[in-house]
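You will see two complexes here that share chain A, one where it goes with chain B and one where it goes with chain C.
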Partner chain A sequence: MTVPQPTPEEIEERATIDRSTRFPVMFFFTSAAAWLLAATLLGFLSSLKLRVPGLWDECQFMGYGRLFPAHMNALVYGWAMQAGIGVMLWLMARLTRNPLRHITAILVAGHLWNAGVALAVCTVWFGFGNSVPLLDFSAWVWPIIALSYTLIVVWVIPMFRQRRASLTYVSEMYLVGAAIWFPWIFLTANILINKGTAPVMGAGLSAWYITNLIYFWMAPVSLAVAYYIIPKISGRPIFSYPLATASFWLLAFLAGWTGFSRFMGGPFPAWMSAVSGAATIFILLAVFATVINLMITLKGCSKLWEYSPSLRFTVFGMLMLALYAVLSALSSTYSFGKNLQFSHFIVGLDTLAFYGFFSMTIFGAIYFIVPRITGAEWPSGDRIRTHFWFSTYGILTLVITMLIGGIAQGGDMAVWDRAFSTSYVNSSAYVVGRATAWALIGYSNFLFLYQLAQMFLGRGRKSEGPTLIHAKPGEANSAKAAAGLS
Partner chain B sequence: MKSDPFVKLIAGISLAFALPWIFIVILPFIANSNLEALPYAEGEEVEGGVTAYPDKAFYRHGSSDYGRQIYAAEGCAYCHTQVVRPTYAGPDMWRPGWGGREADGLARETQARDYMLETVAPLGYQRIGPDLSNVGHRITTPELMHQHLSDPKSLDYNSGMPAYMHLYEESPYGEGLVPTEKAEALVDYLLSLKKDQPVPSRG
Partner chain C sequence: MASEEQKNIDYEQGTVSAVELHDSVRRENPLHPGGEGTVGISVLVASAFILILGGGQLFSTSNGFRDSIYISENYQPTPKPSLGGADAEGVAVAWIVDWTKDGKKVYNNCIACHQASGLGIPGQFPPLVGSEWVDGGTARLGAILLHGINGPFKVAGQSYNQLMPAWNSLNDEKIAQVITYIRREFGSLPEGDDGVVTTDMMKAAREQFSGQATPYTEAELLAIPESENLPGSKVDLETGEPVGGGEPVAEG
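Moving on to the complex of A and B:
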């Protein structure tokens, strides 16, 4: 079964829609990529500082307690969310067949967002933070971030309302969900934490915020991408649409309950971490149903992975989503979680979400979108391949070393009469893996930013055929042709 | 009413969020807000004429309010937790000094009221260093605490803690390192960290 070929009018219409999104979407992508490079540098420095505590002792800006949160804020708000917002705008315009309007408002709000992120990172880095992971910035910064997000993403709703396609795609459902859920969790967490009347719930909310950001924003946006890119490139419809819709609702009804299991045994009523743990385990159903659905869609097209950059990044991102769901389900059971709680594992788990599944899927989307909105092809397929492999090796190195290092550290901490510093000494070697990972990821993203800047400046390759991996430029007019599939 | 897919979608995603939002965020937040102190029962022996748990004087020490901000700003919570878990979740209570004064039979897991002077309980992210819930009982003098901050390796060679040199300055009178106002406040805060005040029997 194949998807019907578009008519010339439809191709012209798509080109109009793509052109309408060009300036805001390219703005979000390039500034996000610049933030990503800053975040990888901060990630590398913080890992180095953790491994060699004596480094830069005199300098207050180089302490781990400032570098690490600055890195997390730059990675999540500067890169991940900003790139995700760009993808949301383009995808919504394409799916609903509406050109993007209010370009000026979106660009102004985009600058406001970047200013907000810069303030968030700098307030943490310069010593005004409050040590609440991902919400560390000074209290006056969050309204800027919330306002600019709303001013950008609010346009997604009228676009969906006026959609001209006959069906409601599951990607649209994910995008509308993500658009609405993020302000809700962000405002709730910030208002309640800054209110400060329930200190213990403030800490619990910070854990709730992180898992909700992952399952209520990052997972929906990356799934919207996967549900679009995988059928588009393989030329096949989704294997089971009812299953896709059902897993959307399953994820939606479970995601909000997660988070408190990160503080199992903490000063909360025990039912809270139990409910969170159960929800995290049940999410496995939604994630597996989704990932298997997407993989069956690709059955028999595995050669496409060799050629299409978008598909390769997206599929890898989906596999990492499954890995993330498994690891977080494991860590929310008492037997496994109590030893990994507070160990290096938690860094591996969070980074797996931010970089492993979200960023990799978004890279896939960016490799798909940018040639369409700039009207030029990526300069080099080899650089895309290097970007993929360095990122893949980087994130896998980080997750594996942090998992094994976390087990080593947690094992030492679980022996009550062993000196506490043993857990530090025995696990600190694994932090070398974390520093190495950020160096690899840093190199891959230098190449990514370089290519993206070339596209932004209009120096892309002018050609009929797309840039593919393992194929000479212009050799084939699609990944399917290169892979020899009809 | 004609069913509009848009309205149905918005209603669905709002309901999906509203349920956990009410039941695991808002209601527990209200229940945990402005916790009242629990009075001790008649005849319960408590030192220092303290009548209720928690007692603010028990948790406050010098400029510990400013020190709390330094603790947060320096990101101490990224390497140190302040949560003592019950034994089913880990051996925290067995570690010497972590749960409080074992010798007096006062060691216990941390409870919500122990964090009454905080705005956000610094439960922590990782345990690169030891738990600090009761560090005020383990390190009792300001001198030793300053040494811990300015030269941790001199106390434990295996320590992974960096020296917080920017909190200290060289004395102009040749007296070596002198703590800044920030270091004094941070030490006051750390010395105030005690989470083993006896809990009233009916609490």
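Moving on to the complex of A and C:
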């Protein structure tokens, strides 16, 4: 397919936009990557602690009950959301063809966000937390997070209102949706849980919050990335644009219903878990429509993802999104879910969402964005390849062992007169997989942070042509041949 | 050629054209508005499959969207044998629990008149709670279930003029279960009576009362001795196995 070449004015405009986003976006990416490394380390230590319970017995800070929530908070708020916010800002600026303004305000709010995350992680780690997953920090921390999010992401809205393209692209819809939905779910969950709803309803709300964070924030942001990266790199239009917008509205309509099915059989009216279970199954329609749409767009150019780091990470992330949607739909039916709830499986499922599909897609976006905003190329394609494979093996190891371990654990817990410790002992072998996974992911993200820091410090490769995972044989240094691959 | 560092500084200060440095933006493809591709019939079929699956989940587990129903009947964690099924057998519930649970399901046929509480509707339908027909022997109760009763008749001092239809279309097991449920749930049983009626007892009752063609009148029913029980051996409530070597239990 011949692609019309961009005019010099268009190129200049892109470059101006990229330059405007440089400092805030790099700030978010690098601090997010640092949080990711911390989260990975905490994840590894908490898995180790779960496997060898006697480890560091004297130290209260090394208990599983503190390590694991600290790990999850660092992973979600420190890394995933922060990197996602950086991607949102850049993508919105590019799509609406507006330079990013209010950079100082965004940087200040960005520091506030990092302070909020640090407080969230520390209050949990120092023992002031409660037991609500992902909302377990002290009650006075959430307004900081909510405020700083608002102060950063609010600038997406004026950019969207002043968009200069004739067509509102589907990625913009996803970004605006994500920008608005997160405050809604975050405030709802925090206010209701902290200001006196029944404790039982608090449990349901926390499950509602987690699945909504995934389907109302992480999925939209990563889909915005995929709908941008895949057509950009392949040089093709999305296979079916109407299908893309339809699946957006389907997701927007269904995502808010999910969550309560995690407590099926629990002390809620039965219809609550029935409705949310059905919504989790119906969401498969939106997810499959999206993933199939994107895959057909790429049909016939599978060679591209051998070379392009952005495309490879993004496509893998989309496949993991499909896997996540299928597994969570299965676990929200009574036949599967009743033996999987409250087990390792749920940890695996959440991690699959946070790392498997969201983070991997965001890595794809970062590999695309950073060369543009720093004006340099990634130092080493080999390290990108290692990052990809160690992350892939890590997350797949984690998901598979947690799925099998979850079945074993859930089966043990279903036998009512069996000692609770049995369910732990029988499934603890699988925790080795979880520790291994975080070790692999940790190594891959050490490389990622190292490369990102090099880019941040202006030590990127200055050359024509992108950094590819494999050099194209015979034409490695030809910028023209590699056009569009990164 | 200016050194890369110098170029970089110029770029940061905005004094050099970004395009000179931004090889990446130059090589970038433009973003097209989307295509109009259409998907095949297989996608529609797959969608229908997902819709059916989700709808099935919704309506099989929502228990009619009533706020008062907390745990759906389908919710019963069932460990697979490989995951400890052997243990699950060891904790099998007593036979009588399942027997009356099934009886409760059969009782759904009776709710319209006798109500879920077994109190009936005063003046219209007789109660089962405090009814001498329930509290007495099982023979009269079995007879009523098999062939019905036509008014006027008295229950707990109140007179009723109603027709209760015959329920002999239900099989012996179901009638036995519902009588057990009624007697254990609503009756006040004599000392030593566990209230259980077995399938064998109902089989014998069908034989015994086979001569009756129309619903009983009160007089016909009163001809059956009040304390007469249906013949058959008592069963062990834990296992459901007959006790006492299958000999008929002394009546009275």
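The working rule: the second predicted complex is superposed on the first by the 461 of 486 C-alpha atoms of A that agree within 3 Å, B and C clash if a C-alpha of one lies under 4 Å from a C-alpha of the other, contacts with A are read in each partner's own complex, and residues count from 1 in each chain.
To be clear about the criterion, contacts are C-beta pairs under 8 Å (C-beta built on N, C-alpha and C of every residue); 3 or more make two chains touch, one makes a residue touch a chain.
Note that the structure is a prediction, hence the values are computed from the model and not measured.
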Requested in this report: For A:Ile238, select first, second, both or neither according to whether it touches chain B, chain C, the two together, or no partner.
Outcome: second
Mind working out whether A:Val200 is in touch with chain B, chain C, both or neither, as first, second, both or neither? first
Original post:
For A:Lys338, is the partner it touches chain B (first), chain C (second), both, or none of the two (neither)?
Top reply: both
*For A:Arg372, select first, second, both or neither according to whether it touches chain B, chain C, the two together, or no partner.*
second
Item to complete: Tell me which partner A:Asp57 touches in the superposition: chain B (first), chain C (second), both or neither.
Response: first
For A:Pro267, decide between first (touching chain B), second (touching chain C), both and neither.
-> both
On chain A, the footprints of chain B and chain C overlap at residues 264-265, 267-269, 275, 334, 338-339, 413-417
Interface with chain A, chain B side, in the complex: residues 5-6, 9-10, 12-14, 16-17, 19-21, 24-25, 28-29, 32-35, 71-79, 81, 83, 85-86, 88-91, 94-95, 109-112, 114-116, 118-130, 156, 158-166
Given the complex, residues on chain A that touch chain B span 49-50, 53-55, 57-60, 63-66, 68-69, 124, 127-133, 136, 160-161, 168, 173, 176-177, 180-181, 184, 188, 192-194, 196-206, 208, 216, 249, 252-253, 255-257, 260, 263-269, 272, 275-276, 334, 338-339, 341-344, 346-347, 409, 413-417, 419-425, 428
Chain A contacts chain C in the complex at 3-4, 6, 8, 10-12, 14-16, 18-19, 95, 167, 169-170, 228, 231-244, 264-265, 267-271, 273-275, 277-279, 281-282, 284-285, 288-289, 292, 296-297, 332-334, 338-339, 371-372, 375, 377, 407-408, 410-418, 458, 462-466, 479-480, 482-484, 486
Contacts from chain C onto chain A in the complex sit at residues 4, 8, 11, 14, 17-19, 21-39, 43, 46-47, 50-51, 53-55, 57-72, 74-80, 83-84, 87-88, 90-91
